Amino acid sequence: MSASAPTTPSKHYVIALACPDGPGIVHAVTGVLAHLGGNITDSQQFGDPDTGRFHMRVQVSADLDEPALRGAFAPVAQRFGMEWTLDELGRPLRTLVMVSRAGHCLNDLLFRTRAGQLPVDVVAVAGNHRDLEPLAGFYGVPFHHLPVDRSVAAGEPGSLEAAEAALLGLVDSLDVELVVLARYMQILSPQLCRALSGRAINIHHSFLPSFKGARPYAQAHVRGVKIIGATAHYVTPDLDEGPIIEQDVHRVDHGMTVAELQSIGQDVEAQVLARAVRWHAEHRVLLDGHRTVVFR
Amino acid sequence: MSASAPTTPSKHYVIALACPDGPGIVHAVTGVLAHLGGNITDSQQFGDPDTGRFHMRVQVSADLDEPALRGAFAPVAQRFGMEWTLDELGRPLRTLVMVSRAGHCLNDLLFRTRAGQLPVDVVAVAGNHRDLEPLAGFYGVPFHHLPVDRSVAAGEPGSLEAAEAALLGLVDSLDVELVVLARYMQILSPQLCRALSGRAINIHHSFLPSFKGARPYAQAHVRGVKIIGATAHYVTPDLDEGPIIEQDVHRVDHGMTVAELQSIGQDVEAQVLARAVRWHAEHRVLLDGHRTVVFR
Amino acid sequence: MSASAPTTPSKHYVIALACPDGPGIVHAVTGVLAHLGGNITDSQQFGDPDTGRFHMRVQVSADLDEPALRGAFAPVAQRFGMEWTLDELGRPLRTLVMVSRAGHCLNDLLFRTRAGQLPVDVVAVAGNHRDLEPLAGFYGVPFHHLPVDRSVAAGEPGSLEAAEAALLGLVDSLDVELVVLARYMQILSPQLCRALSGRAINIHHSFLPSFKGARPYAQAHVRGVKIIGATAHYVTPDLDEGPIIEQDVHRVDHGMTVAELQSIGQDVEAQVLARAVRWHAEHRVLLDGHRTVVFR
Amino acid sequence: MSASAPTTPSKHYVIALACPDGPGIVHAVTGVLAHLGGNITDSQQFGDPDTGRFHMRVQVSADLDEPALRGAFAPVAQRFGMEWTLDELGRPLRTLVMVSRAGHCLNDLLFRTRAGQLPVDVVAVAGNHRDLEPLAGFYGVPFHHLPVDRSVAAGEPGSLEAAEAALLGLVDSLDVELVVLARYMQILSPQLCRALSGRAINIHHSFLPSFKGARPYAQAHVRGVKIIGATAHYVTPDLDEGPIIEQDVHRVDHGMTVAELQSIGQDVEAQVLARAVRWHAEHRVLLDGHRTVVFR
């Protein structure tokens, strides 16, 4: 820790960065932090030989306010051509959760958030059905009903376009930083995917790339697999092809019905999604082409 | 146990059967066994509502020789239209292992067999390369070199056809009951697949149906999955689509190279294959359409 | 299925039984069911060579009411000295959940019950603290506050004895069939353990027999284990030594604090407890000495 | 990479260090490496708040021979009071494997080593029985028979003391860097444990701290656990209490005999031991009190 008298109380920050790989990056980053009297409490690096990209996440405590740290770090970021974020460690991310009828993921996210296990602030739940309005209400989160009827003409109330416009309106007006598709059973338009690029996480109820598309548990049952899984990924216009953040699996056997696979799978979905949301909110996930680097 | 004087010492048998589902099957099966003075030591049943097939595996100890038991069981089998096998429990299955250059699965199978963990008798190893001849030799198993050169005309020595004919010759002359493709890197002809139907097991180095075809670890690396796996399945003419017997997985991360995925995956492959071979040899695997019922 | 005209609509039953092992049990059981025109839809058996006990669980659909089936089965049960239960398949077990302050297990049990994944009817939640009263309320379940102050003299309100008497009163008045200790942080008296024998399930927050007693996550952290777990077991007077129903684990690493172990462990606890409760409620768990047989 | 003309071809090194935590360590370490023109290819750090120790592992490629790098690094190591090692990345560690009769771990280690998956050079196998001499011979590794008869007086041939003296003789004469107890069924004397401190790894056939001592699978069977495991740890005079390097588990059920638990457990043992040996040989394991930091 710095010996100098603190001008502000010590704060804990996290910096996540990516840039073209090359010598001297770690030394330059740690140098600027050392110069500011910061104390590095955690740091991880990864250079990807395939993409030539270098990734780093560093936690630092320092007697500085955020603008000062940002200002001091900017030159080194510019020198190496970094994409970077700087945040106060543990600051809850303003999050909007999209749902349809199945509540297991929403219930899990809200319970964990209240228990202090997820550094997010769920500012709204939006659903194309009203089934989960009471659950949101129990946790004191406003619920927005955004019905989607694909037979309604674009622009009319209830159309896909109207629902997506309303959603973007919520994102803007509520300063939403993260959108979580918690078993939201509607396909987003390519435009919306692009608008939310890098800040929308979906949970797919299969072990991708197995069983893309609809009804993956029924597909898994037909194929007779012995293990099922779930996949959390960033949303991209290319359906079920976004960068994978986390996956997990559970063993099944020949005696299980599609409904039992579904029930087992829902546990996996909720946990995989919660881990992905937590890691994203803690700035542990960096994009590396169409893959992710996850500093756990 | 029977109160009557035994005409032969008590023996332990396993019966595996499948037939159209309906009432009275279990009672009829246990009835014939009880009538013979048999003692049921283990029994499992499964009726598949999708296919309408009933499956059963029963272990029984009895003071009867095999032909007598077979004769007594045949009428009930016929009555219900059963496909069935009857074997002495633990009798080692005569097994031929096919290999190419990678030895991890062969090494695992031979070590387990010698350790008494696999009820098989490896009567031959056949390879399209000679790399694993010393390993087979260490375990005292004859090695057969069956080179495959796809540029050689059919019927000429070294052609695919010649290799497959030699293989079938081995199967016949050695009374082979089970063929294990232990990372045999050649695609079998549809005719050979059919000839070995239900008695050839392959290990695929991915978590099927993900990453069918060639170089699955490279595919997995490109896609950025967080878990890799392996799949043991019966060989069918439809490549990588045979009934799945067993699967398992291992967690990986962004920092691992294709070679590291391969190395981790080889552990999974060897174990998944060993389990599939053991269950098959213990008559625990029954076909149910293009899925399997596994009575573990 | 029976060809005779049904006197009652067809019902689905489950029979679970244990008795001294010997020949003819399966045949006798299936015989009485076949004689009644019942159709066996699932059946599992296990004879334990260590204890000499035979265990069986059988599902049967039949055109009989429960007293008739019970009457028909009683003679065979008596003949073999069976301990047995007969229940309608899927009938929800009347369940009381005991809690303290941590809500993850209660939240999980209530959510699953409402989602139709647990065949229980939570008729009451009882807690020594009031923290979880709102959660119970959200699911429409009455909450009973049973404060425990070990400094209060036995017999006075607020004493352990008073709380346990009130608990037993609830069990009686509500016809409770199953008591679930969902992270209830009080040690039950030996008398209460005996009174609830075989119908009380506890979740212990470690992989027993590792880290018995208090603060298992802190113990695990000190010992530097690489995997943590949780254990669901029947409650016995011998603390943390009751028959184990289910266990599961999760990987941890050196960088995790006790709080992080706790957070990871809570996921495992909730799932392990839910599985144990489901299997118990489906009559899949049979006692076999101080172990369990679990027919999954 | 350095722009200056290389005086030696570029080499890849790994430095592992531990010291009292404090500010400036990472910057100082990366500074000396940057100054030498080194390129950091991988780096991990961990500061343990419990012990106040900082741990770091860094891989660096540089146009320097090892003495030069060592000389340049020594001052910074001294300044922070570091315990440190510097090695060429991937240099095989000279390893002696101790065995008794069970060959699964030895077979696994030798096969992996030949397959290039373990950076060790097995310079000798020593056993108190001769059973595994042929297996060592197949891999071209000298076998040393060190019989142990606890009824023989200390100092006489065949005594524990004589065997341990012979073992230490091998360690000295063969420049052994790592001793692996691959199911060596003898308890080492406290003196030998101390002599090999930090460079002897044992595999214990249970999920420690469960089932310490003898016959853990029999203990697990009696207790009725649903999961078994294995633990690799550094050898210390305090039996089964050494710092844990790695653990893993496998699910079991009520129907499995002790022999089946043993067979399943052997797979886990071999894999856990192989991972521990690999991580140790890659300088990924650092001692942190009686725990380990594992930079995977």
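Labels for the chains are A, B, C and D, by order of writing; each one numbers its residues from 1.
As a convention for this text, a residue touches a chain if its C-beta (ideal position, glycine included) is under 8 Å from a C-beta of that chain, and two chains touch if they have at least 3 such contacts.
The model shown is predicted, which means the values in this text are computed figures rather than measured ones.
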Query raised in the report: Shared touching chains for chain C and chain D?
Result: A, B
Query raised in the report: Since chain A and chain C are copies that touch, is their contact same (over half of the numbers shared) or different (under half)?
Result: same
Query raised in the report: Taking each chain's centre as the mean of its Cα atoms, which chain lies farthest from chain B?
Result: A
Report summary line: Cα centroid separation, chain B vs chain D, in Å, comes to 37
Report summary line: Among chain D residues, those touching two or more other chains are 42, 46, 255
Query raised in the report: Any idea which chain D residues touch chain A in the complex?
Result: 1-2, 23-24, 26-27, 30-31, 33-34, 37-47
Report summary line: Given the complex, residues on chain D that touch chain B span 42, 103-104, 107, 111, 115, 117, 134, 138, 255, 263, 267, 271
Query raised in the report: Quick one: in the complex, what on chain B touches chain A?
Result: 46, 48-49, 207-211, 223-227, 229, 243-249, 253-255, 257, 288, 290-294, 296
